[in-house]
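Chain naming follows the written order as A, B, C, D, E and F, and within any one chain the residues start at number 1.
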Amino acid sequence: MTPRIVAGSAQPCLARRVAEQLRTEAVACELERFPDGELRPVVGPVRGEDVYVVQSTGPPVNEHFVELLLELDACRRAGAERLTAVVPYFGYARQDRRSREGQAVGARVVATALAGAGAQRLVVVDPHTRGLEAMCDIPVETLSAVPAVADALAPAVSEQAVVVAPDLGAVKLAERYAARLGGLSVAVVRKSRISGTTVEATDLVGEVRGRPVVIVDDMVSTGATIEAALQVLDAHGVAPDIAVAATHGLMVGDATRRLGVASVRRLVLSDTLPVGPAPGLSLEIVSVAPLLADAVGRLQRGEDLADLLLGG
Amino acid sequence: MTPRIVAGSAQPCLARRVAEQLRTEAVACELERFPDGELRPVVGPVRGEDVYVVQSTGPPVNEHFVELLLELDACRRAGAERLTAVVPYFGYARQDRRSREGQAVGARVVATALAGAGAQRLVVVDPHTRGLEAMCDIPVETLSAVPAVADALAPAVSEQAVVVAPDLGAVKLAERYAARLGGLSVAVVRKSRISGTTVEATDLVGEVRGRPVVIVDDMVSTGATIEAALQVLDAHGVAPDIAVAATHGLMVGDATRRLGVASVRRLVLSDTLPVGPAPGLSLEIVSVAPLLADAVGRLQRGEDLADLLLGG
Amino acid sequence: MTPRIVAGSAQPCLARRVAEQLRTEAVACELERFPDGELRPVVGPVRGEDVYVVQSTGPPVNEHFVELLLELDACRRAGAERLTAVVPYFGYARQDRRSREGQAVGARVVATALAGAGAQRLVVVDPHTRGLEAMCDIPVETLSAVPAVADALAPAVSEQAVVVAPDLGAVKLAERYAARLGGLSVAVVRKSRISGTTVEATDLVGEVRGRPVVIVDDMVSTGATIEAALQVLDAHGVAPDIAVAATHGLMVGDATRRLGVASVRRLVLSDTLPVGPAPGLSLEIVSVAPLLADAVGRLQRGEDLADLLLGG
Amino acid sequence: MTPRIVAGSAQPCLARRVAEQLRTEAVACELERFPDGELRPVVGPVRGEDVYVVQSTGPPVNEHFVELLLELDACRRAGAERLTAVVPYFGYARQDRRSREGQAVGARVVATALAGAGAQRLVVVDPHTRGLEAMCDIPVETLSAVPAVADALAPAVSEQAVVVAPDLGAVKLAERYAARLGGLSVAVVRKSRISGTTVEATDLVGEVRGRPVVIVDDMVSTGATIEAALQVLDAHGVAPDIAVAATHGLMVGDATRRLGVASVRRLVLSDTLPVGPAPGLSLEIVSVAPLLADAVGRLQRGEDLADLLLGG
Amino acid sequence: MTPRIVAGSAQPCLARRVAEQLRTEAVACELERFPDGELRPVVGPVRGEDVYVVQSTGPPVNEHFVELLLELDACRRAGAERLTAVVPYFGYARQDRRSREGQAVGARVVATALAGAGAQRLVVVDPHTRGLEAMCDIPVETLSAVPAVADALAPAVSEQAVVVAPDLGAVKLAERYAARLGGLSVAVVRKSRISGTTVEATDLVGEVRGRPVVIVDDMVSTGATIEAALQVLDAHGVAPDIAVAATHGLMVGDATRRLGVASVRRLVLSDTLPVGPAPGLSLEIVSVAPLLADAVGRLQRGEDLADLLLGG
Amino acid sequence: MTPRIVAGSAQPCLARRVAEQLRTEAVACELERFPDGELRPVVGPVRGEDVYVVQSTGPPVNEHFVELLLELDACRRAGAERLTAVVPYFGYARQDRRSREGQAVGARVVATALAGAGAQRLVVVDPHTRGLEAMCDIPVETLSAVPAVADALAPAVSEQAVVVAPDLGAVKLAERYAARLGGLSVAVVRKSRISGTTVEATDLVGEVRGRPVVIVDDMVSTGATIEAALQVLDAHGVAPDIAVAATHGLMVGDATRRLGVASVRRLVLSDTLPVGPAPGLSLEIVSVAPLLADAVGRLQRGEDLADLLLGG
């Protein structure tokens, strides 16, 4: 049996590449958009098949999320035997808990709706929250593009380079990159009360003076976090050889300009989201298609995913 | 106990008017929009309350729908004792069944997600499909704005006027308007094989020559249906005194221009959706706030809604 | 793998015919009836099988519905791998919404109970309501017997004949018959306010004088609708060559006598329900067994049903 | 707040009596029966109320069960705040497990459907299986009419009388009657291999010679069990003073004749089911209305039911 | 396809024996126990497999139950295609209903949690309550070890022997043993009001004087029930040749000592639970591994279990 | 209405103190323990009440968890109107995701089972994972005992003291303590690759030389984390004035000895778990009873909890 790939409209070329790697054609999926903004997808024949709907829920996030719901429902009603939502970039992952009363837990709302629309399994790549798995009633496979992105970075990264986590939440990620890059040092930028009386001082932990740096994060959104980290790094005298790497390139707002101004030499992203041209930046895109195709193939054949997963 | 109104961002002034009529203040509800398009509502205190989230899911429909999901989840987690989604205009209602294999049943996807996010009851106004009630696991109250819209029409409608249904699906609606307007005649425009060999002939059933007409529908979307009906009516020699009435004014695309060109004299809509200026049209907006406030008040007090419902 | 047919007691010969067409034997299914009216079915071995329980829920509707629930539960507990309820005539379909407060939505109650008893998919034929699909949480395949019934009618239908819808709800159906019969004309009988002051006048839209007619409907229940339509047609001078066609032959109450008195020349029905002798009527029964067998075979092999479905 | 009683059609006078005892009027509930056997109940206003639908599911069991489903759905959609199914006689209780592969678990099918239709709590009287409570996802209150029936028996029961369980399953019940009747002896009729080689010998355990007997069971269905027990008792020389007591009087088939022939002097039943005239029998009916009214009142006021329950 | 056996820690050698009989290796399953008592199982690769987790929930019952929940969840998330909980001894089965207000229905709580953790089917052996099947939403296969235990007993059981049920609840079981042992007599010890005024007299039904006895029950827990039965049997002059047989050997508290003192000659148990040395008793253990392997093999191949089931 | 407190056996005096603060008596709750380890709670009358079952799931964690399931089921069946599980210490919280294939998500298994047993809301105190809220389908209120514990610490903490997070996961917590203690400095002990080649070097971030320290964590389990942190702190020359503070005192294994050897001067814990005597330690216990009583009172009255929550 061949797995069947349904390509949502968010990044159809990624889905097609996954299908190619699996030596199959993506299932036809037309998407009608009505003048009032309603969407109506029509998926090709999937009866009795093991179906994977590939759709990142990046901007416009609500459009892509609702489209995914409709595509899952369409596949379910069309008789898909097994139905997996492959959501390389999982939107609303930052809303993984209420930080005060009156808020929603957006990530769970999304997860619940996906299962409600028919998804029986979820595959994501480097989600912003590790809590995603526990939120979902359906099994979740949490893949990582870090090895692929790190390998793309590797050729031009010196042994002296330091991997920098732009905040505390990225420390584990930085350690993963550092290990994959042959055991580099890690440094952390943190905003907080380390030094006592000053409330919002930003500090750098780790030695970076005169060394090239690779700033890593799960995603680059507005670029503000990277920009702030670069100011701290500058103040600590890093070498003017700065690379930025992340799985997800949201690149919203002024992101391109910000990174350009900050003289980022290289920007390495995966294609979980479509990334437009980034004038003034040396942008490299690493495809997650091989990763997704490998995962889908194993799921379909009933094999372990262990080495593809984000892990610990 | 006072019912508590939470105003979604789709039409906040409607919600506020409902609250006013109930002599209460709408619960505070801020809506953060992140640069990547994610929404994060924060609702004010609703613990132990009987809460009504008022949000039409008109254009941009997916934004408004996801916002509503998040607001319901927020209210549920904040401890709302009872939680009702008041969705005056219910988007995706046209997708009430698959017209061919491979489609979704969008209306049900939406209904299921609303219940999954915490809605315990749904209140809608003149939905496009009467099947909505049976789709939902939660109780649905189907209100009608037809009496209010008809009453706004009435003063300037002559006894000679004919109420016109622009297609077969609108015949019952036309009969409701005709009855409320004092027993007017009804005519129907239909597209089909009445005359046999010609496949798509459009025909008019009923007598309209020399008489003023009121074309009625549940919604005015692009205006194309109205425009087509007017061509048929013209060919049958109606008087140049044309009014159009509908509950929902989507008014997307060229709607305003189309109706203007077609020399529609009056356009009467309710405020289930925000309607912008309609240059060249004599636009009258009838508020459904009294209807909604009446319904909410009765729900809260445990009274019958019978006379507010769409009925048969 | 062969699909396994379980024959409910409502129309066992239909189920057996379906099994025959699929070149398999129906699974044994005994039905014990206790003196107090309780039913206890025992189904034969179905462990690991793709099982289809064939049971129309026609009169006695409540008996047949509860029997179906029990048979589904029996198959589920006996280890059926996949379980489909094939309900050629779906009872309670008319209760698809509340026409006033205090009513139930009977169709949904039935649909919910079927899924609760273990049905994972539902197959129906020309249901009274198109809303059925959206009511069910499980996928629904809505087949149509119209082509088969129309083809049975065809040989003796003149090109001059008019297909008559006995009410507004049957117009689309009449158009389907007219198309299948080679592009006949359609006429519609309607009860309503077309002519203004008179409230319940019945009218005929379309030209029928001196022509033979084929009255079509989804079901013939008491025959009252047909009888009323015939009075109108008579008044409009139809030729005395009247055929009636429908998918479901409930034929309750005085139906046979009524149609006889009305000098219906031919009555063509399918065998979704058992139809007894109809003295005085020229009754032709078209079996839906080939349709059901075709659909079941495709479901089992994972093929499209597109051309078997009721459509738009 | 007053509890609201909705009377199903199975035994409306019982429901009315319950309402009376609670000093309220039963909610109006009309039941339409269509010519094809479909039911359509319409319940009166229950919005915001604490509603109890009283409906035994005795013969015709499938009719009464489906009616109950529809009434629960109607109440739920009409806005009942709390919804309890009061099912004094619970049909299908004997199908509480599969005695061989291929059977259904009918009692659970019924229980699941009731909860699916909206029941939030179930009240039953002396059900045939004590497993009912564990089958239901909703809380079940298992009342007992034994004290009431025993008290009705008491005046004419001699101290010498023996309470007889007609099979092993009725032993606990017999002990309950015996205790309530002031500590009478208990005897048991059993069918089995006590004596070894003979397979189906029937035996009597306990001393009955020359003594009056009271045969007790949860229900009298066809009377066959009682008849068989009486033959054994006769063979053991009981006095010709025989009473039969049970909570539920199904009295199907030849029951009346059988008990008459067997010279049963008294038959004491409750009114959980309507019992017709029983020519030749001295029939006494004890109403469970006070029991039900007491239970409903306490449920409504949030009080313990302990002394009304069947217990251990 | 081979079924995959996951061995819980309760009786791993039983699971291994089942795997051996199925000519497969048990899936690796490590169980970490943290210092605070939390358990963390890790199961080997099961993606796409038909998985059976074998774990009795005997003492320590809560530990074994929670471990089973975690193992089911682990298998589900690891991608098991089908997931069956094989629970040879099902703890909490005695709590199958509330005997008074304020109690839980423990058996249902356990059953619900197992299904919630991912079990899609349950296999049990001689459970204490026959209601288990109806409690579970998932299908339950109720196997019986009685034939195996009886066959182990048989060689040394004289034709004169009487099978004794130590209470009323065990009568059917005793009849099963008696039949399997070639048609022996059955006697019953019962505690109750048979003789009238004395409330708790214990009595023996059946003839045992001078004959060897085999006391049978579903489980031996503290041995108190057996001890009490033996006192009654002694008083009725049984021969000093006493065997005890049961499926489940809980053997808690003083059980070994009690049976020893009571001069039980043989104790035959199955290995649904691990049974330690029983000094002073002639203990024989009959493995249920062949029974379980047979059942699993048939479930996997889609065959009937009829002759392995507990039946009627 | 008064909230009703049901005290589980894990820490009954805490529950009683909560009840006292709410000026009510705890509902009677007996817990039978059978010889085989099964538990059977019996809760007092709770019909129609707003019930809070207070039970930490600390060691023996599986016993306390299963007991809580049974108590929730008991309350649900006894007619509790609203049912909240108050679980001050939530066991299995560390298993909030799979760190490799084959593991369970224990925290979710527990959360799902609690909701399945009837909990409608969950109240926890300083859970190990912030993901708990998103895991649960029911609303979760996440309280914090940090203010109470910090206030108990305060009098004897010098302004020079440094709050130490013993690992990265505790940094936010340390910042909370530092803020509450008047703006102290924070230092962090971390284990990782900061310095590059050495894989598991442990490092200290922040200045501690010659200063007193307060090590804070959410729980003290075996004390190993604290012990390791103290070795690092010693190496950095902290003053010999060491306090340890945590919400949950599991204190398993050698914890007391370890902390004693490490010359911890003060140990401040809350009473979410019972803490035994700690010879050689200056142990202070801060009760969370006022916190829980305040939260329960507000939940009952429908008030905000904002200032009691863990927040951001």
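Convention: contacts are C-beta pairs under 8 Å (C-beta built on N, C-alpha and C of every residue); 3 or more make two chains touch, one makes a residue touch a chain.
All of these numbers come straight from a predicted model, not from anything done at the bench.
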Neighbouring chains shared between subunit E and subunit F, ordered by label: A, D
Candidate from A-F, C-D or B-D with the same interface as E-F, over half of contact pairs in common: C-D
Chain whose Cα centroid lies at the greatest distance from that of subunit F: C
Whole-Å separation of chain centres (CA-atom averages), subunit A against subunit B: 39
Geometric centre distance via CA averages, subunit F-subunit D, whole Å: 51
Where subunit B and subunit E are represented by their mean Cα positions, the distance between them in whole Å: 62
Subunit E: positions in contact with at least two other chains: 45, 77-78, 98, 100-101, 105, 108, 133, 304
Contact graph of the chains (line, ring, star, complete, other): other
Pairs of chains found to touch, sorted by chain label: A-B, A-C, A-E, A-F, B-C, B-D, B-F, C-D, C-E, D-E, D-F, E-F
Subunit B-touching residues of subunit F, taken from the complex the two chains share: 121, 133, 139-140, 298-299, 301-304
Subunit E-touching residues of subunit D, taken from the complex the two chains share: 96-101, 105, 107-108, 129-131, 133-135, 168, 171, 175, 178-179, 183-188, 192-197, 205-207, 304-306, 309, 311-312
Residue numbers on subunit C that touch subunit E, as the complex places them: 45, 47-49, 76-79, 81
Subunit F contact footprint on subunit E (complex, rising order): 35-45, 58-63, 65-67, 69-71, 73-74, 77-78, 91-92, 94-95, 98, 100-106, 108-109, 112-113, 116-117, 221-222, 250, 252-253
